[in-house]
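The two complexes that follow have chain A in common; it is paired with chain B in the first and with chain C in the second.
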Partner chain A sequence: MSRMAVLAFCLAVPALVWGIAQGGLPPYLLHILALACTYAIPAIGLNIMLGYAGLVCLGHAAFVGLGAYTLGILAVDHGWSFWGALPLAAVVAGVAGGALGAVTLRLRTHFFMIATLAFGLVLHAVMNNWEELTRGPVGLPGIPRPEGFTLLGLDFAFRRLPDFAAFAVGATAVAFAISALLIRSDFGRMLVAIRQDETLAAAKGVNVTAGKVLAFAIGAAIAGAGGAVKAAFLRVSAPASFEYLEGINLVLIVIIGGAGRLSGPLLGALLFVALPEYLRVAAEWRLVFFGVALVMLMRFAPEGLAGILARVFRRRAAAA
Partner chain B sequence: MLAFAEQAVNGLMMGSIYVFVALGMMLIYGVMHVLNFAHGALFMLGGYVAQTIFMRVFDNYLLAVAGAVLFLILIGALLERGVFAPLRGNLRNQVIASLGLVLVIQNTVVAVFGPNALQFPVQATRATVQLGPLSFAVQHLLIIAVGAACVAALFAFLHLTKLGTALRAVSQNPRGALVVGIDVEATHKLAFALSMALAAIGGALLGPLFLVFPQMGDLPLVKGLAGIVLGGMGSIPGAVLGGLAIGVIEATSTLVLPTDWKDVVVFCTIVVVLLLRPQGLFGLRTRDDHG
Partner chain C sequence: MLLEARDLTKNFGGVRALDGAGFAIAEAGIVGLIGPNGAGKTTLFDMIAGRQFPDAGRVTLDGRDVTGLPPERRAALGLARTFQECRVFPEWTLRENLLFAARPRSFASALLRAFTRQEALPGGAAARAEELLRLATLDAYADAPASILSFGQRRMLEIASALMTRPRWLLLDEPAAGINPGLLDALGRFLRRAHADQGGLFLIVEHNMEFIMGLAGRIIVMHQGAVLADGPPEAVQSDEAVIEAYLG
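Presenting the complex of A and B:
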């Protein structure tokens, strides 16, 4: 990552966030944008596991749910502020992720996928059935938006939709920056080494066990933070948002966007949420379209959208 | 004791449904070494096709089931040709494509038939049979009987016919099978067709009991997977016993736990078996499970 890119990122994100918060955009667009962010953040976490470490986790929605319920229970039942609960949401999901990573380490391919799927199903069933804690299938209502505060003489507020959409975009940018820093570090290279050839990586002295568990913990923690943002946006935490199909949707977002590319989850989430809204056809046909697109991508461009874009840019650069 | 007997029969009934799913997935896994996660959606499609034929065309359950079998074999041939064959050699891409197929099939069904559950009023769901002090819907016993018949037929096919032997040979060693002159491509198509036929029969059998709806294949898929894990990945007898066991475990767990938790019991079974005995009860470790 060049210095120019970092500088551009550091200037563009605050400008974008400020621009959105000014409230010039129509509410519908803001809603779509915030919703796309609630998918993008967990997808960024999943990309670390799936895209870089090569672990196909089918239960990722459960980590999102853990974050959402952590915020919901702390804020609604115990009066915590959003800012106090957010780190805890990430920690709870991260610990669960690390634990799942540690116990499923020995499993490969199909076994691993089935185990992560079962984990997601168990947590979803717990959310549905543990009524004393989660209020059961109807969900936990009345989750507050983040509280406003004043920092360096600037007032930050999050109750209105433009403000919250701006916050969601900012949070996505932070998650993106964290994943970018991780991936460009030694840790990121270690993950890629594990994905490419686990045995060789181990022989070269890479601690495969630690790498996988950490990838899981970090990916899940980011998903948990995303879950808190999602619950604050929807104002409710309900099991239906974290069922296994949502976990599969997250996998599709990462794959369609481009697994193992930093911008992949962002592109995938935007496409997943925004494009169907734009197409404005019946909800079912959008998902049909998505499924077909996915199958076609697997056949003709398994590197995803980010991969296709990178290829186009390279060709342009070569031609110029 | 009576309650246990009743739940055991219910468990065998649902277990038979899980056996249809588990066997179908294992047939494809055996020769192609891929788990088809769209199997639950195809099972559901079988239910819808049978329901449509029954309500709108023939009003004959047997013909409806036969129609569903034919339709699904056709769909399976298209999927094998159009999706799985071109992706051969890349496990991850095949699995992800099968996840995409779940979206395609489930949402096409919602778009065509609507999101609501449809009635599938087969006579056998209303008629009851008296077994001692207990009474069961004929459909319950029909499912168990058809399940047993299909398992017997499949075993006879796999062990007594040349085609079945070829199928087993490919699942043991594809290269060896190729060397002795077996058409490996053809066995893939055969496995897919058998798998689709089982999915169609399963969906058409379950539909009359619990209605036909777009998510009707979701839980059978997961429970079928649980049966596979319990029985052992890659083992056909394991898929049968595992599927039945999952049905009975789930049904009898309701005797001690609230009904809402029966799914949790099954999902935890998967996790525990995978952790303690990943090869399952009858697992074969003849082929690596590397992607």
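Presenting the complex of A and C:
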């Protein structure tokens, strides 16, 4: 990453967050923006697993759910603040991800995918049925928005929709920055080496198992943090938000946006949430639309939206 | 002892692939490992590299027992290998392929460095990569992805990448296979020059007799899962048992 890009990121994100918080945007737009962020953060985590380490996880919604329920249970039943529960939401999901990785990674290709799908189904069943802990199918209501605080003489508040949307964008930017730093490091290089050729990576001294388990733990931890943001946005943590279809949606978001590209999950999540709203298509048609889009993309542009954009920019730069 | 394989035995179902095969190599040099198809060369080779593990027997590197060690741990000791099917990282440029070989391997320190943005590439790695690209006559493609290379060029890149870390043990699995005969001389020169430059042991499994006899100072012949003959190329070529095994 060039110094310029880092500088631009560090200036643009606070400006964007401040601009959103100042209001002016219609509530409907803010709502869509915040919702897109609750998909973008878990998708950033999934991109580390799927896009960089090459591990297709179909149960990613379960990690989002673990984060959401960690926040819900701690905040509603035990009076924790959002800020105290957020790191724990990431840790709980991360530990679950590492554990799932450790037991399933000896499986290959479709066997591995089925195992991750089963994990998602099992966790969804637990959310639905462990009524003492999760309140069952109706979910855990009354999750508070993050508490306001004062830092360096500036007041931060999150209760109003513009403030929360600004917070969600900021949180997405932080998740993006973490994934960018990881991917541009030797850690990211080792993951990409594993995806390209496991046997060769091992011969070059890469501990393939450790790399995959770490990719799973980190991807799940980011998803858990995203789950906490989602629960704070919806004010409720209910099993329906974390069923296996949501896990498939996250895979679609990453692939359509551009797997293995840093901006892929952001573009995918924006499109996934905003486009059906714009087209006024009923929610049930969303999967049909994305199924068709997926087939088209795989056929004509397997590198996803981010890949298409990168190609356009390169051609522009070459022409200029 | 630089490398020792002792009494290696391996069964696949009812087939005995290795039947007490063993040899010892005390000195640095280029050693050829030959034998008819099914002699057990690849199985033996994979056991030294850590891709397969023996039912019985031991492999030692510098006297250290590595029989059960996975490939990445052997790489950390200074062992590098190439593959019969030729493996490079196709999405990366040639330079990235070479530099990756020189980068540190600890996930813990890689995660820490990710957030401090420290460069971990050892000093001299970049110069070494340029030198190897030139020796392998690949410098014109340094910034092209490895996927565009021809098979022969890919083979040169694979060997160059294995040489990046100046391995103490370099295992080459049929480097001449699939190479245009006109390029064999260049490949031989490249390997001889690399060995003269860095020393260590080059252990080469090979089917091309002319190529290996001109390159290796010592030839180990395998037959039916065991070592049949072991000595300088001239002695091995006139050995009755070896001629029998190849013709019979």
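A few comments on the model shown:
One rule holds in what follows: the second predicted complex is superposed on the first by the 319 of 320 C-alpha atoms of A that agree within 3 Å, B and C clash if a C-alpha of one lies under 4 Å from a C-alpha of the other, contacts with A are read in each partner's own complex, and residues count from 1 in each chain.
Assume a residue touches a chain if its C-beta (ideal position, glycine included) is under 8 Å from a C-beta of that chain, and two chains touch if they have at least 3 such contacts.
Just so we're clear, the structure is a prediction, and the values are computed from it rather than from any experiment.
By the touch criterion defined above, A:251 reaches chain B but does not reach chain C. In the superposition on chain A, A:106 contacts chain B only, with no contact to chain C.
In the superposition on chain A, A:128 makes contact with chain B only, not with chain C.
Contacts of A:193 after superposition: chain C is touched, whereas chain B is not reached. In the superposition on chain A, contact is made by A:206 with chain C only, not with chain B. Of the two partner chains placed by superposition, only chain C is touched by A:214; chain B is not. Here chain B and chain C are compared by how many residues of chain A each touches, and B touches more. Once the two complexes are overlaid on the shared chain, A:81 sits clear of chain B and of chain C alike. Residue contacts after overlaying the shared chain place A:290 against chain B, while chain C stays out of touching range. In the three-chain superposition model, chain A touches chain B and chain C at no common residue.
Residues of chain A touching chain B in their complex: 54, 56, 103-104, 106-111, 113-115, 117-119, 121-122, 125-126, 128-129, 244-245, 248, 251-252, 255, 282, 284-288, 290-295, 298-299, 302. On the chain C side of its complex with chain A, the touching residues are 49, 51, 70-72, 75-76, 80-81, 83, 87-92, 100-101, 103-105, 107, 110-111, 113-115, 117, 120, 161. For chain B in complex with chain A, the residues that touch the partner chain are 29, 35, 83, 86-87, 90-97, 99-108, 110-111, 218, 222, 225-226, 229, 233, 258, 260-261, 263-264, 267-268, 270-271, 274-275, 278, 289-291.
Considering their complex, residues 181-182, 184-190, 192-193, 196-197, 199-200, 202-208, 210-211, 214 of chain A touch chain C.
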